[in-house]
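Letters A, B, C and D name the chains as they come in the text, with residue numbers starting at 1 for each one.
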Amino acid sequence: MIHSIVWLKHECTVQTVEGRRNWGILERLNAGEVVIGDGGFVIALEKRGYVKAGPWTPEATVTHPEAVRQLHREFLRAGANVMQTFTFYSSDDKLENRGQSLKYTGAQINEAACDLAKEVASEGDALVAGGVCQTPSYLSCKSETEVKAIFKKQMEVYIKKNVDFLIAEYFEHVEEAEWAVQVLKTGGKPVAASMCIGPEGDMHGVSPAECAVRLVKAGAQIIGVNCHFDPMTCVQAVKMMKAGVEKAGLKAHYMVQPLAYHTPDCNCQGFIDLPEFPFALEPRILTRWDMHKYAREAYKVGIRFIGGCCGFEPYHIRAVAEELAPERGIMPPGSEKHGMWGSALEMHTKPWVRARSRREYWENVMPASGRPKCPSLSTPECWGVTKGHADLLQHKEATSTQEMKHVLEMQKKAKSSA
Amino acid sequence: MIHSIVWLKHECTVQTVEGRRNWGILERLNAGEVVIGDGGFVIALEKRGYVKAGPWTPEATVTHPEAVRQLHREFLRAGANVMQTFTFYSSDDKLENRGQSLKYTGAQINEAACDLAKEVASEGDALVAGGVCQTPSYLSCKSETEVKAIFKKQMEVYIKKNVDFLIAEYFEHVEEAEWAVQVLKTGGKPVAASMCIGPEGDMHGVSPAECAVRLVKAGAQIIGVNCHFDPMTCVQAVKMMKAGVEKAGLKAHYMVQPLAYHTPDCNCQGFIDLPEFPFALEPRILTRWDMHKYAREAYKVGIRFIGGCCGFEPYHIRAVAEELAPERGIMPPGSEKHGMWGSALEMHTKPWVRARSRREYWENVMPASGRPKCPSLSTPECWGVTKGHADLLQHKEATSTQEMKHVLEMQKKAKSSA
Amino acid sequence: MIHSIVWLKHECTVQTVEGRRNWGILERLNAGEVVIGDGGFVIALEKRGYVKAGPWTPEATVTHPEAVRQLHREFLRAGANVMQTFTFYSSDDKLENRGQSLKYTGAQINEAACDLAKEVASEGDALVAGGVCQTPSYLSCKSETEVKAIFKKQMEVYIKKNVDFLIAEYFEHVEEAEWAVQVLKTGGKPVAASMCIGPEGDMHGVSPAECAVRLVKAGAQIIGVNCHFDPMTCVQAVKMMKAGVEKAGLKAHYMVQPLAYHTPDCNCQGFIDLPEFPFALEPRILTRWDMHKYAREAYKVGIRFIGGCCGFEPYHIRAVAEELAPERGIMPPGSEKHGMWGSALEMHTKPWVRARSRREYWENVMPASGRPKCPSLSTPECWGVTKGHADLLQHKEATSTQEMKHVLEMQKKAKSSA
Amino acid sequence: MIHSIVWLKHECTVQTVEGRRNWGILERLNAGEVVIGDGGFVIALEKRGYVKAGPWTPEATVTHPEAVRQLHREFLRAGANVMQTFTFYSSDDKLENRGQSLKYTGAQINEAACDLAKEVASEGDALVAGGVCQTPSYLSCKSETEVKAIFKKQMEVYIKKNVDFLIAEYFEHVEEAEWAVQVLKTGGKPVAASMCIGPEGDMHGVSPAECAVRLVKAGAQIIGVNCHFDPMTCVQAVKMMKAGVEKAGLKAHYMVQPLAYHTPDCNCQGFIDLPEFPFALEPRILTRWDMHKYAREAYKVGIRFIGGCCGFEPYHIRAVAEELAPERGIMPPGSEKHGMWGSALEMHTKPWVRARSRREYWENVMPASGRPKCPSLSTPECWGVTKGHADLLQHKEATSTQEMKHVLEMQKKAKSSA
C-alpha cells in the first residue's frame, strides 16, 4: 500500500526536487513540506569513541573528521534534510570549562564542522544549519553583552562558511535564547530557536507558550524544543508553544528534536536529573516503532521540522522518514536496507521470525527490559539549584576536591529526602 | 589507582609489543595475554543503515566499504585485538536464500571484507580473522560433502588473502561445527570454533561439555560460544565447556563473544525466540558497567579471548578493555575520550552530575526502563521446530503466501498455548 | 521512644476518655483529636466469602452477622474510633438492580447493620456512623425528589437506631452528594460528606475545590474523599478541597478514607477503570509501611478523620493508628500483637530475619512484585460514558444477552484505540 | 456448563456423602476423592490482629477464640475438607523462645485449638487434623530423645481430643521430619508429612525424592510440601517426591499446601530469605485466577490433598474448590457469593465492568503492580547459615543487644556481596 503511494508520488516528487533545487528551509516549510532533521551527535559519537561524556564538546571535527563525516552520511541516508554542524557546546568558554584543555579553538572546530556538514549535504537533498547553544557564561551570570559576544563569534564562522540557516538550540532559559536569536538575526539567514524544555516550561518557570511568543518576537521564524525529554513530551511542549503563538496572533513554523529515551519520570530539568544520566540510559532507548508513533503525532500536531537529539541513531531517523513517506512522497535512501514494518523478516531462516514480518506484530509488541531486579521508573534528582546558585557557577579550573566533597554531600542529602 | 598501574606497566608493554610484533593468536594466548575481540557488525550496521534485518548478509563490504571500515576502526580504537572479516552469512546458499537477489557473489563480498579488515588491523595492534558460520544447506539436510564444499569455498578466500587465523562461529549444531573445523584445519592457520549455545547445549541437546570435546577433537585450538545469550550466560556455557575439556584430559584456549542484551528469559534457542527479536531489543541493551562485570567474570573463569557479538557497540568493547587494563597493562586508544568509571563527569556544568563521577555510583545504579506498561521478562516462543522439520527447509524462492499463512497460524497456536 | 510518649500521655488520656465519654464526632474534631476511621467492608468480606463482587451489597448483616461482627471487632481492635454501619449500596433500587433477587429489604439489612455496629462500638472507644451512597436511580436520571426519597428511607433507619452521626459517601457526582447531605441534615445529627473523586474532580468535571464548597454550603460539617484512589492521591484531593473551602471563607473538618491499592495509573474514574478491577488488584495492595506514610501525610495536610476504604484490612488501620500514636497519646489494642516497626522480629528464629527488626529496614524496602512478566502500570479503560448515556441506565431485569454483546464490542473497540 | 455438571453430580454426591459420613482421610484419598485443605492461619490472623509476627505462635486459640473460629468457618465455607488445629509452633520450647512470655502452656493452647477445629468441622464436611512442626530444639542441636519428647507431648493432646488424623508439617530438615513421623505413628491415627522445601531439597541438600522415600519409610501415608514457595514450585517439588517414591517401588498419597505468594526469586530457603519477608509481601499475593491454574496443575500431577499455607485467604481456597468442582461434583458453600469466573460482574452498574464478566478476560489479565519504582524480582539473602551454626542456636532469653549488633553486621556484609 505504502509502496504504491510512494511510487505514484515519486514522479512529481522528482520534478519538485528539480524545481526546488535551491529552496531554503523557509521555502520548504512555507510550501508545507515535511523537513526531516538529523539525530544526536554527542551521544552517538560518545558511544563510537570520539566524544567525552562530561564536557561533551565536538573537537572530533578536527581530530577525527572521518567519524563525524560518517555519521552525517548515515543520517542523510536515513532521510535527514538538515545537516546540523557538529558544533554543540563549541563556544570558547565551554571548551575550556572546568579544566578541559584542548589544542583547538572554537573557531577551528566550528569551521571544520561546517566543511563536513556541507560536504555531506551536497551528496543529497539536505540543507546545512549552523548552531549555537546555551553557555557557561550565562549560567555564571555574565552580562548580556558578554553572552551575546560569544554567540556572535560562533555565528561569524557560519556566515563565512555560508550555511543555509541558523539554529539557536538547547536553551534552558528563554532569556538566553532570546539573546541568541537577536544575535543570529543579524546574520541575515533564517533563524530557528529550540529550547530544551518540557510542558512545565523553562528553568525560571516561564511557560512554553510564553517562551514561544518571546522567541517569535525576538525574530525566530521556526520555534520548538529539542533534547531533555522523550518524543511525546516534546511534541506536547511544542503543541503548547503553538497554542501560545496562535493565541498571540503571531505566526511561526514548528520544530521538534527530542531524546530517543523514554522519560516519563522526569521533572522540569529533563533527563539530566535522572539517576541514569548519562551512562545507564540504555533501557530507555526507543524502538523504531516508537518512532513511527512519534512522527505521526508530531505531524498531527502541525510540526513540520521533525528530527531528533540525544539517543537518536540513524535507524530512528529512518523510521521517522518511513512513517511520513506517504506525506513526503519519498522513501529515504537507507530504506533499501530495511523492510517497511519488518517485512524483510520474510527472508529469515526461522519460521517463527518470518511470522513477525508485519506491522500488526511490531505495533503491539511490549518490549521487556530483561532486568527483573530494576524498576521501570526512577526518582529524578531535584536539588533545587537554579541559575544564580553558587553551585552552578562555572570556572576554567578543574573541579576541586573541595567542590567534589560538597556535591557528594548534596547528593547524599538529596537521596535521603527523596 | 588504575592510572598508576597502567603507567607502570606501560613501558614493559611497549617493549612487549615490539617483541611480539609478529605474534599470532596462539602465541598471544599461550603467553597468557588477554585478547580483546571486536563487537557485532550486523546489528550495528543495521542501525547505521547498511545491513538488512532478515537476510542479515554483509554485502556492505562491497556497496558501502566506508561504513564497514569506520566500524572496524571504532572497535580497534575501543581496544579490539581482532578484526573479524565482515563475512557473516556470506556463503552463496545464504546470500540467495528466500528471494534475496544480490549483484555480488560470496567471493566478491568476502574478498572486500578481508581487504577492509586488513587495512584497519594494520593501523593498530590487531589480528585478522576470517570466519564461516552455519549454512542454510545444513538446515535443509544437505550432505556433509555439500556443506563442507561451502566452507571450503569461503576458506579459500581467507587463505588467498592471508588472514591471521580462522573462526568457525555461530553454530547451533555441533555436527555442522565439526565439519567446519575439519575444513578450516586444512588451511594451515590456527582455528577457533564458537557455537551459539547456552548451558542447555546445542539444538539436538548435546551438552556444552560434549560439544567442547568434539570441537577440540576436530582440531580447534580455541573454543567457546558467541551470540544468542547474554554475557553471564555465555560465560557460564564456556565454563561448562572448559570443565568438559579438562575432564577429557584435553587442552584448549577459550573465547566468548556474547550478546550485549540481557536475556534471562531465553530458552535453548537464545534471543531469536524472544518476541522482541530483532526490532525491539533496545531495553535489554547492556550498559558499560554491565560490561565491566562481564569482563571480570570471563577473566575469572579462565577465558582469555573476550569480545562481543550482536548488540556490542564500540563503547562496550572499550569497557571490557578498561576493566582488564590492569591485567593487560594498557588502556585502549578510545579511552582518551572516556573518564574511567565516569570520572570525566567532574567537568559537567551541573553539580548533581559531577556528583556521579565515581565508580561506586555507577556500580550500584539500577537503571529504570522508562516503560512502566511493559514487563521485565518475556515468554520466548517455543515452536519445537528443529533441523529436519519442513518449516526449516530453505529455498531460493521468496517465502510464498502459503508459507506465510502457515507460519502465522503456527504463531497464533504457539501464543495461545504459552 | 514511642513507648514512653504513649505511656506518659496515657494517664491524661484515660482521664480525657472519662471526661469525653459522651463526646460526639464534632466535639472530638473540634478539640483537635485525631479520629481513626475503619477499613473497607465489601472487599474484605468478599474475600472472606460473604459479599458478592458485582452487586457488592451488604445482605451479610442478616445472613452472616457473625462475619460482619468479627470484622467490626478487628477494626476496633486496630484502633478505629468509628464503626460505619455496613450499609453500602443498601438502597432498595440497588439491592434489586440487574436481576439480583434478595430475600431482604433495605430496611432489614440496615437495621441489622446498625445493631452490629452499635454492639461492637460499645466494646471500645468508637462512634457509630450510618451511611448512604450513590444510587442507580441518579445514574438512571431519576428526579431529585425520587433520589432524595431513597436517602430519606435509609436515614430513617439510622435515626430510629440512634446512630452517632451520618455519612454521605462514595459519590461520583457532587449534585447527588448535595441532595444526600440536604436529606441527612434533616436528621438532626452531624453530617459528613465524602466523594469518590481525585484531583480531577467529579464525573462532570467539577473541581475538588468547588465540590467542597458546595458540600459545606449544603450543610456538611465534615468533608473529604473516599475510595477510588490510593492514599496519596486522596490526600491530595482533600488538600484541594480544603484550599477551596478556606478560599471561600468557609469552615469544615476534613476526612479521608482511600483505597489500600496503589493507583498511579488511574484517570478520573478511579480504580473501576483499571483492567485489574476487581479481581486482580492484589499486586497493588499497600504494605503497612505505606500506611505509615499515608497517615503522616494526611495529618500534615490537616485532615483529622483518617480511615480507609476498599482494600483496607485491620492491619492497615492499625498502622495508621501506630503512626499517629504520638499525637493521639495511645496505642491501639491490636498493637499488643505487633512490634512497632517490626521490632518483634527480634524473636524470630532466623538471624537474618532478626536483622530486619527495625524502622530503617522497613522504611526503605522496595517490594518486588514476583511477577516479571507483568507490567508495573496499566492502561485504564476510558469509554467516555457518563451519566445520561444509555449504557449507564440501570434496570431490575438481569443484564440481557444483547446488552452483554454490546459491551463486549465496546470493550474490544476501547482496547484497540488504547 | 459447570453448573449442569455440578447439578447432575449433586444427587449422587449427596448419596456419597451419606455413604461416607464416617470416612477418614485415607478412605477419601483411596477412593480417589480430591480433599481440599484449608489456608494459612498465622498470616491471616496476623493481619486481623491476633498473631504476632516474629514468634508466630497461636495463643489466640485461648485469648481470642472467636477470631480463630471465624477463620475456620471461612475456610470451611470456601470448600475446605480439613480443619487443621491452629497449633503452629505451639511446642513449649518455641512458645518461650527469645523472651516471649505467655500465660499459657502449649497444652492449653493446643486443647483450645482442637475444640475450635472440631466445633467448626462438625458444621460441614471436614476432618480435623492435629499438627506438629519443626522445633527450636532441633535447630539448637538437641538430641533425638529430647526432640521426640516435644512431639509426643503435643500428640497426646490430639489423641485425647480424638482428632481424625495427624500432620507433621513445616520441616526444613528431613531428619527432624522423620522423628516427628515416628512419634506420630504411635498415635494410631493416619499420618501425613509435609516439608517446607522446594526442588532443591532440604537444608542439608537432601533431594525431594530422597526426603519422600525416607518419610514413607518412616510411616507417613501422605507426603508432600507446604509453605516457603509459591504454588507451582511446590507442585514441582511434590512431583519430584512422587517420582522418587514410585522409583523406590513404594506407595503414598500426596499433598501440597503452598504459599499464596509468587516467589520465582527464592533460593532453597524459600520466602524467609526474601527481603520482603514478612511485612512487604503484598505485591506477590496470588489472585484467584492464579489459584485456578495451581489447582489444575496439582490435580494433573496426581496430588489429591490440595490446600494452602501462608497467604491463603478464604477466597483462594474457594478458587481451588471452584476449579476442581467438575472433578468433585460439588461447589463450595461460599460460591453462593461468587460468580464463577467473574460472572456476577454482569450485575455491576458500569458497562465496562460488566464486560469483564467472563473467563477469557480473567485468564489473560496481567496485573500491574502499581509500583513503578519497585523491581519485579528481589535478591534473596543467602547468609549460608545452617543448623549447627551458632547464629541458629535458640534460647529463652530475649535477643541481646550484642546479638542484634552482630546480625546487623552480617546483614550489611551479605548485602554488599549480593
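Everything below uses one rule, namely that contacts are C-beta pairs under 8 Å (C-beta built on N, C-alpha and C of every residue); 3 or more make two chains touch, one makes a residue touch a chain.
Going by UniProt, the chains are A, B, C, D = Betaine--homocysteine S-methyltransferase 1-like.
Everything numeric in this text was worked out from a predicted model, so none of it was measured.
Asker: Show me the overlap between the contact partners of subunit A and those of subunit B.
Answerer: Touching subunit A as well as subunit B, we find C, D.
Asker: Could you pull out the chain whose C-alpha mean position is farthest off from that of subunit C?
Answerer: B
Asker: Taking the mean of the CA coordinates per chain, how far is subunit B from subunit D in Å?
Answerer: 48
Asker: For subunit A and subunit D, what's the span in angstrom between their mean Cα positions?
Answerer: 58
Asker: Spell out, as numbers or ranges, the residues of subunit B touching 2 or more other chains.
Answerer: 265, 366, 368, 372-378
Asker: Would you mind writing out the residues of subunit D in touch with subunit B in their complex?
Answerer: Answer in residue numbers: 366, 368, 372-373, 375-377.
Asker: Across the complex, what residues on subunit B touch subunit A?
Answerer: Residues of subunit B touching subunit A: 46-55, 66-67, 70, 73-74, 77-78, 97-100, 136, 139, 230, 261-265, 272-289, 313-315, 318, 334, 337-339, 342, 344-357, 362, 365-378, 381, 383, 385, 391-392, 394, 398-399, 403-404, 406-408, 410-411, 414.
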